[in-house]
Each structure stands twice: as structure tokens, then as C-alpha cells.
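First up is the structure itself, then whatever we jot down about it.
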């Protein structure tokens, strides 16, 4: 049975289009981007409403796909995260209408 | 032991109230809606800040419940997604204070 | 092999800094906060754009860490949720670059 | 004719249109700039309040005559009627299926408030006068087209019988009749009418003084939206569809001009009725279509309405509509 | 009395109140329209800057007298005192438990800036004058009520001893004394005072000219909030609770009128002090309560304050408060 | 000199700077208040439209002379040049590595539009005149510094050869040359130029009348940002880095004054060119750096530019720069 994975990539807003291009290039059928409003990491806090430059902003990119495709994508994502800050998690999920992924 | 599932339903903003009503009718004890800011699917991109009609906007509805109730909900959700675009995933989660679900 | 967990804490916006402090104190390496726009629970609905006091607003705090640290954090989180409304789920996830957690 | 050309030129060089062009240009060059959605939506509410108040105050100066009532009625009839024509043309000349043709037709039967406002300016610049009740006409013309479109889409066999899960009795009606623009336009119109010139004096600096400037900012955003929509969606548009987006407003304009002629409307009023009929919705109708005809493709109807017809109307269309209005008054 | 009726009517027909009514009406009809939160919050900051600046500029014209100081003090005392009375009444007449009664009482001891602004307009329309220091009174009256409420809620046994996890020394104090409305009101008041009439001349078109108009837009949003709150929350309100939401402002008003009489306040100032005392908070106090008394139910205190008392005050209440102010000055 | 002191004092006591101080103060006291990002971003777009329009209208009054062209060129050269000097100083006096030094240097070569606006006010208060083309200079000076910085960062061995995954040909160029501030500034400048005084008359109440007031609101937000940045980021700043944030603007100012002297610029124009050169970016450059040099630390360059240099410039810096401008014109 095909296994489906949910990629959650928390990455800088400024760099998120790069991540999106990686996902598209790897053939993921879709993704959705969510704006974060605050966060903490490396002992620094950031908050969207209090940073006029918005350079600390993060977003979360969620993309669901079958295991094979997701695994393929991960190499390029690793290359991207070599340059940018961000974290990636993979979660096993059950999908409805598997045909569409 | 009861198993708990997390429904994540990514659906058009315009249609999200329908999904909410389905969840309420199915007896889910709660849900939370998150606004997405951009996305890609069917080889089209959308972005909240650049579409004045907001007709492409998506949201994510997260709802946690026990397996039985979640499975029941899925049929109606399938009916809803027959008409609207959107994707659903189910993830097995561990909950605190299980009594409240 | 180390197991990694993703904490998802849906909590009132007004109280989210308390949760953030708990996570920081417990030594989680990071977290990210997402604004919710609407929700339902206890048979009441709320919506960000229609409540001028914003006192019903919820946020979701996502934090990834190794199992040991996450389990430690849960006690304090339980104490916090004794006072505030909110729900917590733990999901097993696979991480990239495990060294950073 | 010379006067019309003057209007055309001063329309094209007005800051409002120039900012629209700037936005469109930036989007086509793939600039990442954007106006935050919350801010743009706030400005849209402001603009509709301002338009409604202005119309209401003007209406408070004259009694409601039979003539006015007839113009309101004409608007409703046009909004019901235009989608029928648009639907037939779309089915004949393009490959759009029934649902997409109906959804697109709804947009052309409904109206664009920003096009209306731009026409109001151009009318004023042409030295003509227009009555406040045209704002009421605008509000009334928003929805009938949607009803026609739903009827068109549901004709024929094989249509879904049971309602979509979670849909609720009346949700569509609320969306259609109580959407933000109708609530605010009609509400502000009523408030302007009740409070009158004197009662609204203290809010004039906000609602009248700033109007043109806010419009510039809003049109910058519309240009960005239109440009980006076009850049991303043009592949979905065949030549036949684009053609429709250009000739349909002209056809609607001629029909409306006929109605205006029959009603003996003065040139300013006629120009606005013609513009309303020629304009196409890009906010209210797309939202309603997502609920009522979710299988129709926004990338078609929205790209066409916002990316093709709107720019056409605010640049070339409006001077033509004014010319038509003068023509039926024997002044062309 | 006739004059008061005139004020009442012109209050009710002012665009500001009409837009509030429009919002409430739309929400009760279940319209989906909304003002984006970010935009409304931006407008709220604007309004508080404008109010603070105006008060500060006016204060800069006169020296700080002992009389002014006494009025400031009276405001603080009233804010400390009213929650005690409200708490006792709530415990006697409703079934609210200690925590919910205390949280609700805090709202009635604190103030509503928009009610204050509406009263300022009505006072001006009545031909009365009011001093700029009433803005300082408003800022000072926001928080004492919260302290009283926390004291009321913590009395008795069985209260939580250890602090909530993650709570921090001083976080509540910061929330309560440094919330947006206090920072902006007090800050703008000081800036208006320092810069004076001349120094603020260049910013008057923004802060004075637009004030009334922005208020209309803001009250449209408040109407939507109040109406939606009422529609969703009315089931939580018993008749006794609703009754409290209507008589409590009147009771507070009478007490404040007594204080104003003792202090010999002129009618304009007295009307504003009475209004402040009678008004109930719906932004600052709910936020503080979420932190300090999280087990209290917003659906009770917020629905009551925003859905019942606020509409009562801005329509019927304010003319009564002006009448009271005239009465204690022997002009009723 | 006395006149300069007067300017300094009236600058410091102007509501604009007082609101900045209020925001900074509130943030340092850890107030939770904030201006919603969407609202602040909307205001920023408004401000840039207003500045661009004003500059364009003024430029439309005079022909484009060779002198003007030379000033534009000088701006570009300064923006290319200053980062070189800044980089060398940072490497010599601080422990910043090549990448962080280059990223920080880029900020000081580029410009801050709000500092420019504050200087425009101060110049006007000093009774001087400034040409509209300085707005064009501002737009031109935004980006060259970024190019220099990228060159500086990429020198030396061991640099990444293959591009970051997902990066796209031209994305950086679009970000850098088509960011919101350049699009809006240059676009509005062109529109002001085309439409001229007459054509923009109807939008003046919005873009001119409100400008100062909106600036107050925006600077309140900048104060909050700067204060919070400083509170959270000061640990990352050594004394040497803070020192750089204070002497670098002065050094840039002296260099720009030299250029202005050589070009024979009148005092108003010179003061603005000097201010632009002395100012440091905190929006456009940080964004570009996140894309181009993601390994550089925002907590250094942003805290320094927004938390140290910006406050220094708008309070003490601007009067000094005006003094310098008078000096080179023999009027110091």
C-alpha cells in the first residue's frame, strides 16, 4: 500500500518561494503556505507585528505526497536548508482520495 | 485504548463554513481554522495578498477527536469535497486530557 | 534511535506567551506560533475578524523536539492548561538534521 | 467628439489610472510588491461607505420620482438580462462548458464599483451631472445576474440533486444579498439620505476629501491583482474568450444606451447606467460562485473580468460610454 | 428637557450611531461581512492618538489646577469603587459565581473610550464645553477596576496558590498598565501637551479633520462585533444579567453625578465623568481577564458589556448623562 | 549655529519624533502593544506614494538640467562607494566576519526613506528649499550598495559555487530593483511628473494634507520596532559595533558634503543628499540580505541600523547634516 507523508517545512518568509520551487520541481502535486506570527530559535525570539523589516518572519509550508516523491524532494530541501534557517518534519498520514497525489 | 486522530482539511476559504458545519454535525467537540497565505495545486499558484477577489484563498481546519467519531465524519467530508477543492489528511496523535474529546 | 515528537498546542492568544515561556524553560530548542482565524469548542464559535476584543482568539504553537525533552515539558504544559483553555497533541515525526534539536 | 477625446485623454492621464497602470506594470515585471489584503479590504469598505453616503446625500435633496424608480427597475432588468446574452455568446463562440459559461456570464451581468467610480469622475470632468440614485442602481444590479447564472447552470439533466454537505439553507442568499458591498453601499446610502448634507458635514473631510487619494492607492492594488492574474492565468484564455471580454462590455453598453434612451435619461445618468451595465464584477460574484458553482474555474472568469474587461473599461470604455450617453441625448 | 430630547434625537440620527446600527443590523441578519481585524486595530490606535492629542493640546492652554487634580482623583476612586458595588449586585441578583461576577464587575468599573468619544460629540452638540483633562481621567480610570476585581476574585478559600505555569512576574502589570490604549492615550496626551496648538498644527488635518469619519468606520465594525456577540452569546445571558447591563450604568451615573456635584464640576466636564463611570470596557479588561482570571467566561462579560451596555449607552445613556450633568448644575 | 540649535530643538520636540520616542519607550518598558503589520505596511505604501508624488510634481515645474543629472549620478556613486568604506572599517574595528560585515555595510550604503522625510521637514523648518529630484536620488541610492556588498561577500575562497536549491535566475534582481519602495517611489514620481500640479490637485488632500499625521502613526510603530529590536538584540552588539553605528553616518555625511560641495548644491538639496548618504536601510536591504546572504545575522545588522543609527539620525544627526549643508554653502 502506498504510504503518504506530510512535509512541514518551517522556513523564512523571504526564502519560501525557493522552497516552493523545489517542491514544484520535484513534482509534488501541491502545497499550502501558512504565515507564522512569532517564534523562537537559537535563543532569539521574533514577532511579526514588532519587526518592521519583516526579515525574521517565518512561514510553514505543508505539502502532502506519496512517500517516493517526498523522499526524492528531501535532497533538494536539504540543499536549500544548507543556506537558510528552517526545520523540516515528515509525518505519516492517511489521505482521502489518494488518486489526486 | 482509544486512538485519537487529527483531521487536517485544507479547503477554500469561501467553503470553510460548510466544512465547519459538517464537523459540528458529526459531533466533533471542536476545531480551529488557520488562514493560508499562498499555495499551489493543479499547476496554479495563488497568493492572498495579490488576489483582490480572495476567491482562491484556502484555509486549514484542524480538528482532533477519537477515531470512531473522526471516521464517521469522513463520509460527509467526502461529500463536501466532491463539490469543492481541498485535501484531507488524518494523523494519529497522542492527546493530553483525553476526557475532553 | 531517538524519537522526535511534534507538539501542537492550541491555546488562547492572550496566554500564548506563558506557553512559550514553558517551552523555553523546558529547554525546547525552538517553536513557531501560528495565528488561528476562527474556531469552535464548548459549543461556542469564535472568529477573529468579528470580535473586537480579540479575547477569544486562539493560536497554535508548534514545537519539535526529542521525545525525552518533550515528555518533560508536558507536566508544566498540563499545569498551564489547568488554568487556560487549549488542547495539546503529540505526533511522532521524522526530522531532517536531527542534530539541531 | 473632440470633447470626448479630451475626456479620454484626461482619463488616461489621471493619477487614478496611472496608478492602476503602475500596479499592472509592476506585476507583469514580476515585482514581489503587494498591498496587504487586510489594508486593501479596509480601503474597499471606506470607498463603498463614501460612495453610498454621497449618493444618499444627493438623493436627500430631491424627492423620489417615478423617473428614478424606473431607472432602478431598468438596472435590475439589465442585470437579469445581460447574463442570458453573455451565456449564449460564450456557448456559441468559446469552448466553455455550461457551468463555466454561466459563471462567467454572471460576472458580466453584475457590476464593478470601481469602474462606476472611475466613470463618475470622468462624467464630472466632462462637465455633466449625475444623480445620487445611480448608487442605488449599482447596489441593485449586483445580484440579479447571479440568479440568472444559477438558473442557466442548473438547466439540463445530470445536475446534483442533494445539497453539498454542510451547506445551509439560506447561506447563499445571505452571501449574495448581504455581502459587504451591498450592506455597506445600501446602508451608507440610507444613512446619507437620513442625515442629509448637514448631518454628514462633519464626516465630509474623511469621506469626500480623501476619496480620490484613497482610490489611487486602491487602484494600485487592483493593478497588481489584475497584472498578476493575467500573468498567471492568460494561458487559460483562448482568443475567443479574450475577445468576449472586450466586445461584451460594448454590447452591454449599447443595450443599456437603448434603455437609457427609452427612459429619457439625462447624459450624466445615462453614462453611469451604461458603465454599470458594461462593467463586470470581480469581488462579489467570484465569491458567490465559489459557493454556488464551485466546479467553475476562477482562473477563467476572474482573469477575464479583472485582467481584461476592467482595464479595458477604465481606459477606453468609459469615454465611449460617455459618448454613447451624449449621443442618445442628441449631443454626440 | 426639550434640549435634552433634541440631543437625544440628534445623537440617534448622527451618522456615527447610524453606522453602529447598520453594523448591528447586518450582524443580526447574519451577513458575513467583516472589517479586517488588522485594519480595525489600526483605526483604534488612530482614534486614541487623536483623543490623546486633543486632550493634551487643550490641557496645554490652562495651568494644572487643584480642581483638575481632584477630578483625576475622583476618577480613580470611582474606578476602584464601582466594581465593588457591581460585584455585590451581581452576586445578589444573578447566579454568577465569584469569579465571573468579579470579572464582569471589572468591566463596569473600567471605561469605554468609544462611549467617551460619542459623549464628547453629544456634549459639543449640546453647546457645552469640556476640558482636555477628561482624557487623562479616562486613561486613569481604565485599570483600578481590574485591581478591585482581582481582589474580589481571590477572596475566600480554595484559591490557586501556585502561579500558572509560564506566568511571569509583572506580566499582568505590564498588560494592565502598559496596554495599547493606556500607552497611546497617555503618550499622545503628553505629546499634545508638550507640542501645544502650534506644534501640532501640521498634524491636525489627520487627527482632527478625519476623526468623525474614522469613527463612523470604527463604529460600523463595533456594530458588527456587538451584533454577532449578541447573536452567538445571548443564550448565556439570563434576564437578571441583562437587567444588570442596563441598570448598572445608570447607577454608576448617579454615583458619578454625586461626585461631580461635590467637586462643583461644570456641566460639560460632569457629563463626561458621568459617561466614563457609566461606560463598560470591552477591549482592555477582557484581555486582562484572560490572563488573570482565565476561568471566567468571556461569553458572559463580553456579550453583556459590548452587546447590551455599549448600545444602551451610546443611544439612550448619553442624553441621560448630559441631563444629569445639567441637573447638578441647576440647569436641568 | 543658533539657528541650527533651534532646528535641533524643534526637531526633537516635533510630534513625529515624540511619537517615535513614545514607541521606543513603550517597547523598552516591555509594553505588549503593537501596530498590526498589515496596517503599518499599508501606511508605508501611502508614505512612499506621497513622497514620490510630491517629488514628481516639483520636478514637473522645472526642466531636467545637467546639474540634476549630476546629483543623481553622485547619489549612485555614493551608494556604491560607502559600503566599501563601511566594510573596511567593520573588518578593522569589529570582530564581524566577512559575510556579516558585508551585509552590514550594505545597510549603510543604502538609505532610509523615513530619515529622508524627517530631514525634509527639518529643512523646511530651517527655511530652506529642496528640489523634487532628491526623491529620485533616494530611489536610485537604494540598490547600488547591495551590489557592492554582494561583491565584497563573495570575494575570497571557499564560497558556495552552486546556487541555493530553488533559487531562480533573476529573483534577487527582481527583489532588489523591483521591491515595493522602488516601484512605488519611482512610479509615483513619474505619475506626479506626468500629471503635474493641476492633475494631482484632487488627490492632494489625501497625499499632502495627511502626510504629517500618518508619519506620526508610522513613527510610533518604528519606535516600537526599534525599541524591541534593541531590547532583544543588544547583547549581540559589542561596543565597537555600536560605535560604528554612530560614527559611520557622520563619516558618510562628511563624504556626501564633499560631493555636494563639488557639485555646488544649494543648502536644502545638499542637506538631503547628506542625510540620504548618512542614513541606513532597515527594510529593503534586510530583505535582500535574507535572500542573497542568508548566513548573515539580522540580529546584528538590523539592530544596529534600526535601533542605533535610525534614532541617532532623526534626533541628533539631521541638525548636524543641515549644518554641514550650510557650511559648504558658506552659511554655517
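For clarity, chains are labelled A, B, C, D, E and F in written order, and residue numbers in each chain start from 1.
As a working rule, contacts are C-beta pairs under 8 Å (C-beta built on N, C-alpha and C of every residue); 3 or more make two chains touch, one makes a residue touch a chain.
Quantities reported herein were computed from a predicted structural model and do not represent experimental measurements.
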Note = For chain B and chain E, the contact-path distance works out to 2
Set of chains whose contacts include both chain F and chain A = none
Query = If every chain is reduced to the average of its C-alpha atoms, which one ends up farthest from chain F?
reply = B
Task = Would you identify the chain whose Cα-based centre sits farthest away from the centre of chain C?
result = D
Query = If you tally contacting C-beta pairs, which pair wins, C-E or A-C?
reply = C-E
Request  = Find the geometric centre of each of chain B and chain D from their Cα atoms only, then give the gap between the two centres in Å, rounded to an integer.
outcome  = 34
Centroid distance [mean C-alpha coordinates] between chain C and chain B, Å = 19
Task = Just give me the whole-number Å value for how far the CA centre of chain D lies from that of chain E.
result = 41
Ask   = Where does chain D touch two or more other chains at once, residue-wise?
value = 34-40, 42, 205, 209-210
Ask   = Could you say which residues in chain C touch two or more other chains, in rising order?
value = 20, 34-35, 45, 77, 91
Request  = Go through the chains and record each pair that touches.
outcome  = A-B, A-C, A-F, B-C, B-D, C-E, D-E, D-F, E-F
Ask   = Of all residues in chain E, which touch chain F in the complex?
value = 36-39, 41-42, 45-46, 49, 53, 174-175, 178-180, 183-184, 187-188, 190-191, 194-195, 199-200, 202-207, 209-210
In the complex, chain B residues that touch chain D = 12, 14-15, 17-22, 25, 44-45, 47-56, 76-77, 79-80, 82-85
Task = Write out the stretch or stretches of chain A touching chain C in their complex.
result = 8, 10, 34-42, 45, 58, 60, 74, 77-78, 81, 87-91
Key: Residue ranges of chain A touching chain B (in the complex, touch as defined)   = 4, 6, 16, 20, 23-24, 29-35, 59, 62, 64, 91-97, 100
Ask   = Hey, which residues of chain E end up touching chain D in the complex?
value = 13-15, 18-19, 22, 25-26, 29-40, 42-43, 205, 209-210, 212-214, 216-217, 220
